[in-house]
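Please go over the structures that come below.
First subunit A sits with subunit B, and in the next complex the same chain sits with subunit C.
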Partner chain A sequence: MGLLSDPNRRRALISLLTRLNAPICVLCYFAGVCWFMGLAFEPFTLRTYMSENAMGSTMVEERFPSGERALATGREFAAHKKKVGGMPVDWLVKTMQARGLEVFTQSFSRTLPFPDENKERYIVKGTNVYGILRAPRAPRTEALVLSAPCSPGDNNNQAVGLLLGLAHYFRSQIFWAKDIIFLVNEHDLIGMQAWLESYHHTNTTGMDWSPLQGRGGSIQAALSLELSSDVITSFDIVLEGLNGQLPNLDLANLFYAFCQKIGVLCTIQGKLQRNDWDSVSGYSHAVQTMMLMVMKQASGRPWGDHGLFLRYHIEAATVKGINSFRQYKTDVTTVGRLLEGIFRKLNNLLERLHQSYFFYLMPSLSHFVSIGYYMPAFGLLAVILLLRALDLWVQFANPPAVTADGVADIERQSSPGVLSVLTPLVISHLTGAALYFLPTRFQETAVEHFPVSETEAVVLTAIAVYTAGLALPHNTHRYLLTQLLIYDS
Partner chain B sequence: MAAYRCLRCAWLLLVFISSWYVVVSSEETTQGHDRVSVADNPQTAADTAKQPLEERRWEATQVDKAVPDDAAAAAHKQDFPVPDSVLTPTPQLNDEFKEELVIRPLHSGDIYASFQFRTVWETDFTRGSKVSHYRLFPKSLGQVISKFSVQELHISFTQGYWRTMQWGQPYHPSPPGAELWVWFQDTVTDVDATWKELTNVLSGIFCASLNFIDSTNTVQPSASFKPLGIANGTDHRFLRYATLPREIVCTENLTPWKKLLPCGSKAGLAVLLKSEKLFHSSFHSQAVHIRPVCQDQQCKTMSLELRQTLNVVFDLHTSGQGKREWSLFKMFSRTLTEACPLAASSKIYIDITDNPQEEQFELSPATPLLSQAVVLGDRRTFSVYDLTQQVTFGTVRSLNVLIRWKSTEGDMLRPLLHAERYVAGYGLQTGEIHTLMYNNHPFRSFPVLLLDSVPWYLRLYIHTLTVTSKGKDNKPSYIHYEPSKDRVRPHLLEMLVQLPPHSVTEITVQFERALLKWTEYTPDPNHGFYVGSSVISALVPSTVAMNTNITEEQPLFSTFFPCKEESSYFVRVYTEPLLVNLPTPDFSMPYNVICLTCTVVAVGYGSLYNLLTRSFQIEEPNPGLAKRIANIIRKMRGVPPL
Partner chain C sequence: MAAPLTLLLIVAVTIRAALNRSSLAELIAERVEVVSPITAWKRVIEGLALLDLGVSPYSGDVFHETPLIIYLFHFLVDYAEITFMLADVITAVALYMAVKDYNKQVFRKQKFSLEADRYPADCLELIRSPKEMYYIPLKVAMFYLLNPFTILSCVAKSTCGLNNAVIAVFVLTTIKGNVLLSAIFLCLATYQSIYPLTLCAPAMLYLMQHQYIPVNFWRASFWWFVAQYLFMYLGSLFVIVCLSFFLLGSWDYLPSVYGFILSVPDLTPNIGLFWYFFAEMFEHFRLFFLCVFQINVFFYTIPLCIKLKDHPVFLIFMQLAVISIFKSYPTVGDTALYLAFLPAWSHLHRFLRNIFLVSCVLLACSALFPVLWHLWIYAGSANSNFYYAITLLFNVAQILLVSDYFYAFLRREHHLINGLYLKKKDGSEATLVLK
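The block that comes next holds the complex of A and B.
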């Protein structure tokens, strides 16, 4: 640390930084980007491995037999759904009760800020149905969730059928140590959010819901199932949740391990794993997979029903059955066995999933990049800002010698006052606040007085705020300068 | 070493032989002594005369056990026509053993079996008299009671949670895990020390982790746990209550429990208690209750009652393969062949109240005996099988009661009182405990006593306590709150709340999660920490007049909670325990912290120290190379430098 106290060396370093600022910044930028792109290269990444001891070494045997029956239930569900024109609540309650579950329903409603795209409605009403399989000789302290959304149209009927089939099969087993909650939620994310808020008795979104009658203690893990065809070619896992949160990596590992064991093709971001990592196309495939994950996380929205669980510290993922034009097909019995295996392993958990990573990127399902590897790339990009700031600061402190007279020199030094720095700062903050509050505030007035719809009103207000904001700092700067000149003279 | 061992063996042998001689000679002397005492007390003489006879019978049975049960029983009855006076308990010793099994078919298709074994012994441990002769009463428990001056002792081990909504009220409520509550006699001076010692002893007797009961999970409830037997005072200084919600109950707890029975698991109803079936169930609970009871109406003589209960619920789908048909064999994989020979009564009750004309289920073999009892505020009808009668076993000499349902409907029940509890909120800083109590009575309100014992690491914000029923504030008429003390004692909250008719009463209280010291975490900290069940004790309005006469002959299951008035009955409801996650450090953190602190100290402190201690001076321009060399030479010469 002689560097700080030795003025000579400090001067040398500073002059180096100011002289070579631009090249160093460019170098950092390229190094950062290269590092990040290098992460997708397979030899540079780590293989995934199961960290959780309770799930790793234990063997489970999958015996789910009744895939055909589950499909039949799914068709029955579809028929009832069509008849009712929505969620067949009564039928679901009766079916779940017949399978020996404790069944409860929850109704919810949510006023939308904008009308629905298709149906021009402002309020969404729905009902969630869930059945709890009570684990024998367990005191209702822990639970697992298997959910399937009741989607409009012909989607997801097989998922509900399989959920009911699994419920029937799970009910006759003795080995459950955690309660299992089978949830069929209406209106996808809205229903899921209503159920979760009610379960934890919080209200973060201003939704109306009826309180839950039955609970199963603290939820340890959740799986959301989406399945719209009788046979599938591959299984896709979706991890990205609300605000880019991710479940513990062990959940992805578990899914991958069972796909390997049972022989189902598995994908992440809809992309299969490739073996030709040394070829250009193989590498670009990995880069695409990883970048898709980055983009999805950056968007901040949940990419499946599971995404809302993560806020409550519940590890969750969505599994999607995909039916494409491949030859290799997997039937529902196999899918059921896969889910059974996953649930049995989760049932073996002694603690919440916590052993593995919570921050990671996945170039493929078998490889991952942990936070320790991708943070240096981010650090290299961030250090550019620091270097630029340092440069500016140094220029402020010792301005380049002016050839004019000394009076002008002194004047220049005193000119950058607090006011000139503070003004843009305040203005930019005010603009931010205006952008946050005004569009929703003026939406109603705008709709009343102008022939625009709600959505347009919001966009227009935002644009107005931007335009006003663009004009402001420029003008103030000029105004301040004139003030200063008047003062001087 | 070997030589030494040989020597020790020889020495032991010598000691043994000599002690045998001493025993034999002393026996001779005691016999002589007995002869003297016969004249004094003819009763004792009769006792001692009977002892050898009884012992012979026991030995005979034990020998018989080598051959299969049925044959043994048959052979036994032919070969040893033992007089009845031996089979029935001797009146002189004044102890009596009764056993019974209640089977209640549940609406959901599940089946509930409740075993009761009661030993009543007219004795008095309280007056400091040494009791050393035990017959039916287990000696291990008797010694514990006399040594620790226990007035009442209630201990239960439960695996699973009683589903009130599906199964109704149990005969013997108990919380998941282990529960222990003890009333000490008022002669005990240091109750806490005695309690500590008692829990350790019981831990050994029942092979359970009761030794984990310490001051951090023990409370002294002021109102919720009153003595169930006769008691002089109810000063709660002599009461200790503790639960261990995490306790796992398994065969190692069942075996010592069975050993306390007079017949063990060799004869009587206890032959059904096979662990492979008992633990293949939805609910399993076993308990031991010891209390002093009155013998007669005037309560002239006091006797000690030991009640051992075992409750089990078998599941329709896992144990019953989905078929609504239950038999003793299907439940326990055994049938009954005889009563316990030491039992004064041995009966099986089957609840047929919902089934007066056999429209719900049919029962075989049919029994002509019917019994009515008022239990849990309702008059119930039971079919009774008396195991002491040979007729019960029929020609096949074995009893296998079979219940077959005719209809297959199962709805949720609406029990008059039930409760649930959960933790609300998310994140690891704060939370809220919600307790919901349902009064499903259409028009009667009744008071309930709520007891909450919360560990210290959940810091309750007691000012946030709210009690609401039907959207309105419901002010408790009695609140007893003892704040916790970190690492010393838990929170204790007791409230008397009036539940309005047909309502839900919600009690909420916020808490903060404490950060523990790093050695205080359990080996599995991410599993979470348990908060024991809250206890709701209530006097629920009864539909029929309750029986307040305690001495009348009644089935055992209806006499556990004493009944003081006719219009209401006592119910205890336990909520589910809670599993709460506390903020947990990453346990590889100490290493990280050491690395980080070392770096920070080295970089930060080092540079600061450097700046502070360095003396700054204006540096002369660097002298040229020639000058430096000249200076070195001058220094060697001893001349001042240039």
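The block that comes next holds the complex of A and C.
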């Protein structure tokens, strides 16, 4: 380790570091930002490709015929939903049983931390209904999930109808090697979380649910369907899950490959791909798509019902049908063919999707940037912190007037003690911990003693902690300054 | 100094008790960085259960601790938390008293050298004063008790805490000059994990200097003392081994404990270097690499003894560091033991070159261990290479820390002999280069 033990080279390096510190930091900052912006430029990205061999080259002809029947089922579902005023459990159970699935229901209830503003209720109760299509000739070790949320009002009726239509069609086919679970969940994420927790025998949220009576094997992949219109113009895929986790890139590749094959317009972040990457507007379109993905991941919340599957190491995505003002419309039969094709490919999987990337950004659906390409941008920004820290350390350890080899001048300058540096560090960590724990813990006591509502209590506690923290840097800065003055004099 | 020490002990016990009561205790007890297949509390409970059923606790490759431990916990299993907290307290108090005594001797030696005018004129600033050495024993105890590694190890009830206590009492008895007790405690430490065997050499060196026996191969008194010490050491080892045989009635603890430590059959990931190598090794090379890795632990004894024969306490520190880095199943509790000694060498701070880098790397690696474990085992996005990279980095940082302190120590000794401001023959300033 010549660099660390040779004093001449060390001295040269350290003097370079202290002299050029500010320019290098500024350069690193701009380099990092430019690198990240440049990632959306198409020649710097890679085209997507299927990494998993098992999903590669089977030539399948999709033959789903009954789109109209699916729409009719969807209308029936809508009527029953309106009549019951929630999830039509009995109708769903009867319909799924008529299609030859093993049907089970699960009821759940969750106490909300704040009352629901519209309805002033604290408890959300619901039921999930799911039917399992058992694989005709395979052992029941693996499963795939197709889910559609039961939303209030006029949303997602066609999705449930298509789900039931696909169930009917799949039942007549003999080549399924995995169980297929058709799930209709109520209250979106709450119902989905209850189902997943019960399926995997964990209870991380403290929800109340009834145990599942029927179960498939370990789930290999899941697709969540959102379809609210009879015809669509484009098909959108949503990848971002809880805490910004993404499914394997192969799932997006699969979706894109099938959209190309069937001839459906596919979008990501609601944006269609453009061909003019060398023009300014084309480039800004790609940048917008990529930054939308970054923002959605940064928000931490799942952007579809699929987001909760990812924690259990199940690759999942949400596909949404979008009906906008284009001329060419795609009907539900084609959508059904698309889903049939996707499921047949997923059926061929021998092991969980692991070949392709887990961390990526997509400026468009046909191009991606992997973590190896976007991490250096972040690394450049982190290097700035390291350089500043090294600069401060060098200034403390070796006052500028003497040689930088550890042999100091006659007047010993002692660095400020560990305690004076440790104190602001500990206090800032404690402030962070207070900000994390106090608002939720003291919500009830705050509501008792002060005339605020629950949501206001949380926000006001956070503001109070922030305001208290505002006083900190000033005091510690002054304290450190006086300490340094004492030592210098 | 009893009051600050008592306060420190109370604070440390409070922290451990609070963590034991919280829900974090089970989480910590499962972390592979804190417990190993040898030291895990879960395995001790299994061994106790087997013992209660009348079956040998070593059947089934579950329990790998010594019979004395299992009998100790046979009586103390209801007070397990208190036992481990007591072990930590004993370690801290033993290190406190040992370093206090050592400081007294260092200061006395320094006073004699000053009076004999053995130091060059310009290195007076390297001389240590009692004022700066006053708080060192308290800092040593604090470094051990408030080290997050130690706290985690105690809350997880890892038997590494007991091993640390025995080694700390060994250090205390050695520094006090008690030959018999030093041999007995070293034997207990070796009996539990084989590697403290290498601490024989520094113990002998120290005790010989304490009794003014010259360390010279041609002298009969040297060999007579070595024979005495080895007789006491091997004798007590023999007694304890036979005692274990009579306690359990069979010899099957020998392959389960010592065979396990030496032949490394269990490749659960930990913070050491063995598991990854041996997981991907072909069978016919396994014995060769096993020998290489195990010899690596014992190998540094002889060169270090030759170089540091006048400074046996620093040699003990180096040996402890080497053991805890290169042993077959290290845990963070082993790291905490040698890290506790660092305040005793705080006068070397000005000669240390890489301390900033090393501390940053150690902190970053400690934070990254659970992250990459989660990413590998639970999220499936990473694999064992990522976790081993962090393990490697952690061990490299530890090695750099130890070698940095070694360099600083030797450099200070060099300056004490040759003067602080080095001049070349023509009077210009010279720099010291380690080649």
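Definition applied: the second predicted complex is superposed on the first by the 456 of 489 C-alpha atoms of A that agree within 3 Å, B and C clash if a C-alpha of one lies under 4 Å from a C-alpha of the other, contacts with A are read in each partner's own complex, and residues count from 1 in each chain.
Note that contacts are C-beta pairs under 8 Å (C-beta built on N, C-alpha and C of every residue); 3 or more make two chains touch, one makes a residue touch a chain.
Small disclaimer: the values here were computed from a predicted structure and weren't measured.
> For A:Ser51, decide between first (touching subunit B), second (touching subunit C), both and neither.
So A:Ser51 meets neither subunit B nor subunit C here.
> With both complexes superposed on chain A, which partner does A:Ser66 reach: first (subunit B), second (subunit C), both or neither?
Neither: A:Ser66 stays clear of subunit B and subunit C.
> Look at A:Arg10 in the shared chain and tell me whether it touches subunit B only, subunit C only, both, or neither; answer first, second, both or neither.
It touches subunit C, and subunit B stays clear.
> Applying the touch criterion given at the start, work out whether A:His313 contacts subunit B, subunit C, both or neither, answering first, second, both or neither.
After superposition on chain A, A:His313 lies in contact with both partners, subunit B and subunit C.
> After superposition on the shared chain, which partner residues are touched by A:Arg352: those of subunit B (first), subunit C (second), both, or neither?
both
> Which chain, subunit B or subunit C, is in touch with more residues of subunit A?
B
> Tell me the contact category for A:Leu390 with respect to subunit B and subunit C: first, second, both or neither.
A:Leu390 sits against subunit C, while subunit B stays out of touch.
> Determine, under the contact definition given at the top, whether A:Ser420 touches first (subunit B), second (subunit C), both, or neither.
neither
> Of the two partner chains, subunit B (first) and subunit C (second), which one does A:Gly100 touch, if any: first, second, both, or neither?
Touch status of A:Gly100: first partner only.
> May I ask you to decide whether A:Pro139 touches subunit B, subunit C, both, or neither, giving the answer as first, second, both or neither?
So A:Pro139 only meets subunit B here.
> Could you tell me which stretches of subunit A are touched by subunit B in one complex and by subunit C in the other?
Common interface on subunit A, subunit B vs subunit C: 4-5, 313, 352, 354.
> Residue numbers of subunit B touching subunit A in their complex, please.
For this pair, the touching residues of subunit B are 159-161, 163, 165-166, 176-177, 245, 279-284, 315-319, 321-322, 410, 412, 420, 422-428, 432, 434, 524-528, 530, 576-581, 584, 603, 606-607, 610-611, 614, 616.
> Give every residue of subunit A touching subunit C within the complex, in rising order.
4-8, 10, 245, 313, 352, 354, 358-359, 389-390, 393, 397, 403, 405-408, 410, 412
> For subunit A, which residues are in contact with subunit B within the complex?
It is residues 1-2, 4-5, 97, 100, 102, 134, 136-142, 171-174, 200-202, 215, 217-218, 311-313, 350-352, 354 of subunit A that touch subunit B.
> Name, in rising order, each residue of subunit C that touches subunit A in their complex.
For subunit C paired with subunit A, touching residues are 125, 350-354, 356-357, 360, 378-381, 400, 407, 420-421, 429, 431-434.
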